[in-house]
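Below: the structure, in structure tokens.
Think of it as A, B, C and D in the order they're written, each chain with its own count starting at 1.
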Amino acid sequence: MIGRLSPPARAARLALLLLLAGIVTFPFLFMISTSLKPQSEVFASGLALVPQHWSAAENFAKAVTRIPMARILMNGVIVCASIVVFQIVFALPAAYALAKLRFRGREIVLALVILGLLVPIHAISIPLYAAARSLNLLNTLSVLVAPFTLSVFAIFLFRQFIKSIPDDLILAARSDGLSENAIVWRIILPNAWPAASAFAIFSVVAHWNDLYWPLISISKTELATPPLGLLFFRAAEAGDDYGALMAATVVITLPLILFFLAAQRLFIEGMTMTGLKG
Amino acid sequence: MKTSLKRLLAPLALLLAAGLSTFGATAAEITVHYPMPGFFKTVMDQIAAEYMRQHPDVKITFTSPSPTYEDGLQLMLRQAGTAEMPDVSFIGLNRLRVLAERNIGIDLTPFIKADAKIAEEGFSDRLLALARFNGKQMGLAFATSNPIFYYNADLVKKAGGDPDHPPKTWDEVFALAAKINALGDGVTGMAYRWQGDDWMFSALLFGHGGTMLSADEKKVAFDGPEGLASLKLIDRMVKDGKMPALTSDATVQGFTAGKIGMFFWTTGALRSIINGTGSKFELRTAPMPVIDAAKGRLPTGGNAAVMFTTDPAKQKAVYEFLKFASGPFGASVVVPGTGYVPNNDLAAKDDRYLGKFYQENPLFRAGLNQMNLMIPWYSFPGNNGVKVTQTIVDNLAQLVEQKTTPEETLKSMTAEVQKLLPR
Amino acid sequence: MSAAVELRGIGKSFGETRILEEIDLAAAQGEFIALVGPSGCGKSTLLRIIAGLEQADEGAIALDGRDVTGLRAADRDMAMVFQSYALYPHLTARQNMMLPLAMRRLNATQRLPLVGRFLGSARSILEEMARDVEQAAATLKISALLDRKPAQMSGGQRQRVALGRALVRRPQAFLMDEPLSNLDASLRVHMRAEIVELHRRAGVVTIYVTHDQEEALGMADRVAVMMNGRILQIADPMTIYREPAHLDVACFIGSPRINLLPLTIDAAGRGICGGQVLVERANAAQGERVTLGVRPETLVVHAEPQALSLKVAVTRFEFLGSDALLHARAAGLDAPLIAKLTPAMATLLQHHGELHVSAAPEACLLFDADGQRIAGTQTSALPASFGRASHAA
Amino acid sequence: MLRDGPLREDLMPEVLPPEDLPPRGAPRDAARGEIDRHEARAAWLLSLPTLVLMLLLLVLPCAALVALSLTDAELGVPEMHFLGLDAYLNLLTDRDFIRSFRNTAVYVGLVTPASVVLGLVLALLIEAGTDLRAFFRSVFFLPVVALTVAMASVWQYLMHPSFGPINLMLKLVGLPSVNWLGSSDIVLPALALIGIWQAVGFNMVLFLAGLAGINRDLYAAAEMDGARSAWSRFWTVTWPMLGPTTLFVVTITVINAVKVFETVATLTQGGPAKSSDVLLWTIYQEGFVYLHVGTASAMAVVFIVVLMALLLVQTRILERKVHYT
């Protein structure tokens, strides 16, 4: 009943999906097309996707020179990578303790975790900003990382995943003389890899995208993350050089899309695996 | 355990080390912040380069520019007292008052008093007064502007108008707008840049001879006939001129794309509009249509260079830089680079500076010719200045969208602004 | 009277892979047929084709003489019990059992939530449905479970509800796809009896797929042994066991597995293994490769060499309670030979390092190179070596 | 994560049901006590870094937020006054805050149903056949990984009233052009359109994971039970089986939609005339632009409380309907 469609149904499905895919990719098409056009054509060319005069080189040159683009992309990579690593390093042991160990107060910790899920970082940005300000941390890369080192979402996800790991495995590890700490890193981590990679993708997408916190805590272009950098770029171009703006957009969007396409299999696998085992 | 953790942490440590190395400040380094990079980035880069060429011991670094004067002011307020505070910022002329009231920024009076050459470098008292509040010299006026009338000569011609004799009154503007609107093809007759801040509203208000607040600054004063007439004019722009309710960006883009016939905005935008227009159509400028020939005035846009550094060693160098940026060299870069008007009549007429430039670039003359009408951009007292501005813009938006009548707009605008004034 | 379920020439491929080949099967009214075979032999696919969940590429299916080949499952009036039970987890046992009735007895308007039940026409039908469900539940002794959801039930209870859902509809045929494989061993044996009893009472043809030969032999009227997409043999359980038509059937059915000895045939038609003549008359031509199959319980063990016996070395003794197995290895043979003996006999023999085995001619199953049974080697209806095997020592 | 997964199961539901602990065979005795103590100590040690972080990054900031919310604190102004609950009463009469609240609700109300339904439709369409599955999955997921701020710039261009491709297309088919971001009536739906575009792919993947977890036998059973049409199989099996996934998807979508900020900051700055002011933008403006830290804190507290209440009500009501255990 599934997977075998009559030829008209099959064609209808394909047609519908292709149409929807066209709509969804429409902005990307125009982004790329516009990034190749000279300024005069952007406003005049209407729906033509192929430029009459190619200005790709000019636009992209502007995109990488008007703001320190390489530096900004690097900032994004450093920040996202640090955040993911910290989140996993902190979350995994706690998640293990919550999933497999018995201790008084566990319910309270768990309640805190769930509460934490409900408090978006945006809401507590004021005290965090005040703290960062008084610690002289504003305009550092650390301030971009520090508030996100704790991910209750990660704890939650990992706990769920670890619960599905058989107790026998842990008992076996204990009888082999591993400490609880060693169990976390030698037994749980390798087994939680699918969950960890799915989480990593979530985390990277979220923090690569985040504008709110960088907007507040960073005012130096050299320390900007990609979204903030793009905002600076827009301001610098007064918003009327769409060709260059789209070129900058392409440059800033591309890494994450490539990252996703490369990790896509891992991601989908991780999603379904964690799901099926949960 | 140890090994696995180490393996995890090693790359992290590297990443962090790379990230944490912030930029150490040297004594000869001046950090500079400025707003509206769309107008000023090129100019600022030029000034900094020239200054560093002349002063090889000084290094000028820019922090990220703010998109508007308001953003710039709030950033300074936010950073006041922190290590993030730049040494210099360029603050909107209507925002200097907040700094003066809050005691943020260095009073330049002592420096000017000690500076014997200040007058001969072109800083007349009239000029200094633009950035003076309650006896405090908050900065040196860097760029000044007034609102002008941009028009698309091609569209005007097509609509049967005479590009050499642009409208001189608002009635003529609306008549021409109607003709341009009739061209169809998505073409709009006119646009007035009411978005963003209260500047263009004050252009109409001042044009009618009105003022924002009462003389004691306790009460809204735009609630009289001048204010109502200004709002009615905006209402007619929509009704008679068929002005669409566009965002600020969309308006500028629409004009440079050749889709809008007439456009009213600061002369400071001239260079970026010239660049945006390219060769798509023939761009022309003219003075703002006259409202009240006797009492009518225009607001002075622009900004002043303000010193923030509290380090006495640095202050000297910063003062020099302020003078350099606001002085003749600055003007010779800013005027052609943006469209702002020069700070004194001399620079405009003297061939050494800009005399020749103005002869060769008639587009830049519209602003120049209105300089006699310029009065200060009104600066609201108290802490809510930015909010007042936003409130005025929001009310105008309602009017432009024809959700309220001019009378209703005036009423709510008055009430809301009154609430935000210090009691 | 026409067959209740009849399959003719069913074939099926998934892509390049041939799943079913030339399947013919006719089940009489009230008959219980087990489809048995190793996993991947196509038995489940065949069942799904019968159900109408899959379409065959070739062949035809008839129900009570009515051709249903092109009909959808919903239109075939059969009920199926799934290995996973496939109970709707969001519905209680009662609702699970009610659903097929509602789908068939109520029209679309009457099925509408809330509204439907207030339609006058629906009320009497609903009452009747409720009665039917109660009755089926009583039969299966699950009346107490009716308001529980599947997650609140044990595996055995779910199994019963799944049976109930099939039963309540009084279908023309029951199809069961390994319904017992998720139960633990003791429950499985118990449920076998219950299903047979239910089948007997309902009197409806049942097609039962299993990979468990014991289940197939113990429950079915007839067993169809499937391998590689073909039915190798279909017959009553005893015939399947005693007279397997094919080497594969012989191997698949019976535990411990049948002993296999490769024979070479000499000019006199005798079957020879390891230099010993084991079969006097093999009904095969000289040089042909023949396999001799001897069930462990028919393998005769001797302390001294006998005519037609093979020398073996004892490797292991396995005590099973009622029986005991003796594992032995013959020179030149890869697989060990297994003899099933009484424990007493096995104990007696286990310390002989060396023994000799033989099989009565009537216990010898001979298969040709293609695996087909060579006829005429077994004649008696009774196990040939019954009661004699152990005396030779 | 999704399917039978962690989140859908417990994201909010069990605000802590009795926990299933590792099975323990041995009876309790003196030796056990020692082992338990050891285990508890290990557990606390393992959780310690997280607990410290929680204190620093969650508990203390929340406490500080509540404390600030009761004052009229202003950034850079040393003196502040205690307002107590007046701070909250002021919010109740603050028209701008109420408008921003309403705008957020409208935005969430537009984005959530549309992106959930579209996500489900896409997942079903993709699952219905075999052609180009992986391709479509990636294509529809692209907006999720594309940088929001970057794509906002693209949308600004697409939605440009005079030369934006969307209006040009509308013109092609004879429809009037729309002033997407400049009209106070259209701006929220326009932002919602972008929000939907971004959320659909994510919801689709969640639904795909959910669909993959449905026991195929259930479809067979439904067919045997007489569910003839795809429509009735959907209502008999797919929809109820996707219940937990749907709850999770709705929750995630609501949480993300409530937090809309990037598109507003990039495209409209709350305008025109505050008609696209949303909560986070208002909090940002009040706290970091107008520097009214006290007021902004009170807004943030209200934001958190409303979000919690929303999710609690949602899960309390829906939870019972979608969990079958």
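Definition applied: a residue touches a chain if its C-beta (ideal position, glycine included) is under 8 Å from a C-beta of that chain, and two chains touch if they have at least 3 such contacts.
No experiment lies behind these values; they were computed from the predicted model shown.
K.L.:
Contact counts by the stated rule: is the higher one at A-D or B-D?
P.N.:
Of the two interfaces, A-D and B-D, more C-beta pairs touch across A-D.
K.L.:
When the C-alpha atoms of chain A and chain D are each averaged to a single point, how far apart are the two points in Å?
P.N.:
15
K.L.:
Find the geometric centre of each of chain B and chain D from their Cα atoms only, then give the gap between the two centres in Å, rounded to an integer.
P.N.:
Computed from C-alpha means, the inter-chain centre distance equals 39 Å.
K.L.:
Rounded to the nearest whole Å, what is the centre-to-centre distance of chain A and chain B, using the mean of the C-alpha atoms as each centre?
P.N.:
38
K.L.:
Taking the mean of the CA coordinates per chain, how far is chain A from chain C in Å?
P.N.:
Taking the average C-alpha coordinate of chain A and of chain C, the gap between them is 54 Å.
K.L.:
I need the residues of chain C touching at least two other chains; which ones are they?
P.N.:
Within chain C, residues 53 contact more than one other chain.
K.L.:
Which positions in chain B touch two or more other chains at once?
P.N.:
249, 253, 257, 259
K.L.:
Mark out which residues of chain A touch at least two other chains, giving numbers and ranges.
P.N.:
Within chain A, residues 1, 43-44, 179, 181, 231, 242 contact more than one other chain.
K.L.:
Any two chains that touch count here, so list every such pair.
P.N.:
Here the touching pairs of chains are A-B, A-D, B-D, C-D.
K.L.:
Under the stated contact criterion, what part of chain D meets chain A in this complex?
P.N.:
1-7, 9-12, 15-16, 19-23, 36, 39-40, 42-47, 49-51, 53-54, 57-62, 64-65, 68, 122, 125-132, 136-151, 153-155, 157-158, 163, 165, 168-169, 172, 197, 200-201, 205-206, 208-210, 212-213, 216, 219-220, 223, 230, 233, 255, 258-259, 261-262, 265-266, 280, 283-284, 287-288, 293, 296-297, 300-301, 303-304, 307-308, 311
K.L.:
Would you tell me which residues of chain D are touching chain C in their complex?
P.N.:
215, 217-218, 220-221, 223-228, 232, 236-237, 240-241, 243, 322, 324-325
K.L.:
Can you name the residues of chain B that touch chain A in the complex?
P.N.:
Result: residues 1, 4-5, 8-9, 11-12, 15-16, 18-20, 22-23, 33, 36-39, 41, 62-67, 75, 79, 82-84, 249, 252-253, 256-259, 272, 276, 278-280 of chain B touch chain A.
K.L.:
Okay, in this complex, where on chain C does chain D touch?
P.N.:
Residues of chain C touching chain D: 48, 51-53, 72-75, 78-80, 82-91, 99-100, 103-104, 149-152, 165.
K.L.:
How about chain B: which of its residues touch chain D in the complex?
P.N.:
Against chain D, the touching part of chain B is residues 70-71, 74, 77-78, 80-81, 102, 104, 186, 188, 195, 244-247, 249-250, 253-254, 257, 259-260, 383-384, 386-387, 393-395, 397-398, 400-401, 403.
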